[in-house]
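Shared between the two complexes below is subunit A, which has subunit B as its partner in the first and subunit C in the second.
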Partner chain A sequence: MATEYVKFVDVTKCDGCRACMVACKNWNDLPAEQQDFLGSAQSHAKTTADTWNVLQYIEHENSKGKLDYLFRHSACFHCTDAACEKVCPENAISYTDFGTVVIDHEKCVGCGYCVNNCPFEVISLKEYVDKNGDKYRKAHKCTMCTDRLEEGLQPACVTTCHTGAMEFGDKAAMIKKAEERVKQIKDRYPNAMVYNPKGVGGTHTVYVLAEKPSVYGLPENPKVPTSAVLWKDYAQPLGKMMIGATTMGVIGMFISSRIINKGKQDEGGDSHE
Partner chain B sequence: MKKTIVSKEYQNLQKDIIALQENWKKSINPDSINPELDKAAMSAGVPAAALTSINFEISLFLQWIEEINVLLSKNNPELEPKLAGVITLLNEETVIRWIDEAFSFNSVYFASFAQENGLDEWIPQFLAETALRPYLQLTAEKIQHEVTHAIPGAGCPVCGEPARLAVLEDEGKKVMTCPRCLARWHAKRIECAHCGNDDHNSIQFITIEGDSSNQIQVCEKCTGYIKVIDTRQYLSKPSASMLDLNSIHLDFVAQEQGYQAVGEIKQTY
Partner chain C sequence: MSKPQKSNVKVRRFSKAFVWAHGINAISFFALYITALPMYTEFFDWLYPVLGGPEGARLLHRIFAVAFVTPTFIWVIFDFPGFKRWMKELVTWKKRDIDFFKEVAKELFGFKFKHVRQSFFNAGEKINSFIQIFTAILIIASGIPMWFPEFFPAAVVQWGYFFHNVGFGLAIAVVVGHIYLSVVHKHSSPGYTGVITGEVPAWWAKGHYTDWYDEEVAKGNFPDIDENGNPKKPTSPDSKKKKGA
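== the complex of A and B ==
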């Protein structure tokens, strides 16, 4: 396996320039989306099928009663234990050697289970129309620029970040850096923390958050839904076993009935003579 | 997206050769390299290695040539008979000549040596150059702190190799690197390494669609080009020699567009 990399996002260094959003659209060739004004500088409410990362702008009253204007680069977390991968009935979602989670659009049937089960709500369905005018859907999300990683390049959003709020590197080194950064900013942001939730086995996007996760609309302790675990780890293997057993049964029946019928035919043949 | 047109096999062979050179470098006695830097000569563009007295160890040089022959034969067994006789042609006198001629990149000498001895034309110069590089690289390491900039048109300030590769670092700082001796020196972001032209109107950049980390900087005045590689985008930073090899498609593009690896200003009388 290749070195395990993570994207380290230090939101306290972000100045909200949105270059990461532009770089993502540019690299992944994603079309622009017309949006209504949301009442703040934020362009999209959340990530969509054509906007794989969104910069959040949050006006927050801190513990001293003062206004903090918080920014967060939000995109797929690339969970180590990804709920989307677990619920996908077509095995269209898989892990790469880099630990990133990617969707195979050839296999995706657009069922939307991944959309409903993602604890961070980053996956969306895109509607397509085929040449017969029939509509079909495919799930879309950030790929962590796996196509760039395979060529030894860092993700597009990371390379464009001018404040150094994003880095991409060895997992242990990045987590250490994040922990040291939290110590540095404790005076200014007493609630600062490293966000690398254990409930999903850790993620491949590690944040230094200035405030509690809920301030950013993130779950405090995201988990892979129990139904997803039941589905992938128990129901699916059991189902496959059952299919195997049923198939064997049917084949067994077929062969045995053939043997019996043959016996009968032979008997019948004798009686004709 | 593909970052290079060079096959994995050839890249691996080059990596093996570089690994050998790294090993060889360790066996050189650092005291055998004595730079006698002359600021006046260097500011006139004389490469520092030419001002350095190097005590070459002939037996080491011969041993390295044998090692490189083994590696090449292992990689491509067809080469074995072609390389087998080379070592017998080398005596002390020839080795000294090889070192001198490799240093000054005298292709004519090596071509005639190959012809006289019935060797493939590439063999003598390739072997001599490969075995010379550890000495050049160690020289560059030793005097790196003295090397801050280069004289336009004079090539690498350490070994004299034509300047052709720059990398972008930190906040976009352009650092010229020599794929031959691995020396590094600073250059202005908009400046031709061949003629010193720093007029932004006549320095252009050629980029290749989908190739976000590479640029070709071309000078309209001397028609020279250099490759500029944004290694800040890389997961791990390859050596200058691997960068030079892997970006060979840029040389093709630049030369197809009429630019030259060594620029020249046309004299009008």
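== the complex of A and C ==
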């Protein structure tokens, strides 16, 4: 791929219409999830296995003591260095040519390692029941409509956005646009920033946020958990080497004592008196 | 073997409680290893259908996880003196333990060696005990947040995965040696029978754990024996047990 594409979300242009949520459900054939009233206009607390994007509604008191009603289209970030991909024991999670991160449900065993290691908590397990009545689970999340990208279409949420809060395009151009937008809105939102966190190698969803990430419940410095790096890059390969080493050790003992030095300990009686 | 036949006189080495505790520990350890193996390396993914799919493997792993926690309690409750002796042996280190390692290396590779007088557990068993205690704590403590992630902060669960991996990686590497020494290594086979029946030949006990054996003789628990394991005195203490023949 010559061009790297990202989804650019300018939350300051979002009017909270939730068309992106509907478009996502529609394109991906996701069932509706009945929810209790959560105390605000927000429909779901966070993304779930059947709701891959959720529009956040945040009532925020700004530095001038005034109310800011903030919206954010939330979905998988498609990290360049994705913790979920790292920890998956079945290699069920992979990067596509578009830089999107997708789950292969044929390989997924529903262990939930990805769910517990995602720095943004966007992955969820869905429980299924097979024809014998047995339950099984699969991890689900936004695919960035990779099936649409493959056909030359843009993600469903982007296509449907009527305020132009979302765009899908060349990474460099999108980031440039984001930086210019931040300059434009600095008067209105002094804390405005581009959110494209380095700890996960940058993301394929780049935001212009009106406030600090924590206001949106996002980590300020998300990264692949150190535990995941130590686990997958060190502990596991070392563990495999160790069992190999001790196995070689006992094979060495066996050969040495039974074949090479055979009988030596028996001459003149061994010391097992 | 040109040597005279060894006597069948046996002595009790392990209590029934220890035999059960050790057996449950061993079986649950391997069951846990096998039910998790396809998660560890994709080479063993064919085990999923054998184990009833990922769900079946997960269920079995949790059942054996509970079993894996019980041996310590079985030992403590039903044979506290034995458990206490284990603890005491683990903290007792003398020159004989250092000498043991020099000689055992020769023995294991089939060279001539001499037995170093050992107490109830030899230095190698003590090292094995330390590693198994350490790794069991790691595995159990990290397994709980992995099982119930909803009750723990994300960081605890994430570190749980790491420590679980470190724990069993170290444990299995050591277990390979532990099993080789008991099942394959020819000088230790009475020890393997012993950990299942609780009893070992007197001559073997005296040869491998001389200090312990002499102690028990002094207490009047074990018969004093000659080189081939036959009692020296015509009348031996009551607790002496004869098997076979």
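Worth pointing out:
Here is the rule we go by: the second predicted complex is superposed on the first by the 233 of 273 C-alpha atoms of A that agree within 3 Å, B and C clash if a C-alpha of one lies under 4 Å from a C-alpha of the other, contacts with A are read in each partner's own complex, and residues count from 1 in each chain.
Basically, contacts are C-beta pairs under 8 Å (C-beta built on N, C-alpha and C of every residue); 3 or more make two chains touch, one makes a residue touch a chain.
The model shown is predicted, which means the values in this text are computed figures rather than measured ones.
By the document's definition of touching, of the two partners only subunit C reaches A:G110; subunit B does not.
Once the two structures are overlaid, the count of subunit A residues touched is higher for C than for its counterpart among subunit B and subunit C.
Touch criterion met: A:A245 reaches subunit C, while subunit B stays clear of it. In the superposed model, A:W27 lies in contact with subunit B only, and not with subunit C. Of the two partner chains, subunit C is the only one that A:P225 touches; subunit B does not reach it. When the two complexes are overlaid on their common chain A, residue A:E151 makes contact with subunit B while staying clear of subunit C. No residue of subunit A touches both subunit B in one complex and subunit C in the other. The touching residues of subunit B, when paired with subunit A in their complex, are 1-3, 212-213, 230, 232-236.
Listing the residues of subunit C that touch subunit A in their complex gives 1, 3, 38-42, 45, 48, 53-55, 58, 107-115, 149, 154-155, 157-159, 161-162, 165-166, 168-170, 172-174, 176-177, 180, 184-187, 203-204, 207, 227-228.
Put simply, subunit A touches subunit B in their complex at residues 5, 27, 147-149, 151-154, 156, 159, 168.
Interface residues of subunit A, counted against subunit C in their complex, comprise 87, 89-91, 109-113, 115-117, 121, 134-137, 225, 227-228, 230-231, 235-236, 238-240, 242-243, 245-247, 249-250, 252-254, 256-258, 260-262, 264-266, 269-273.
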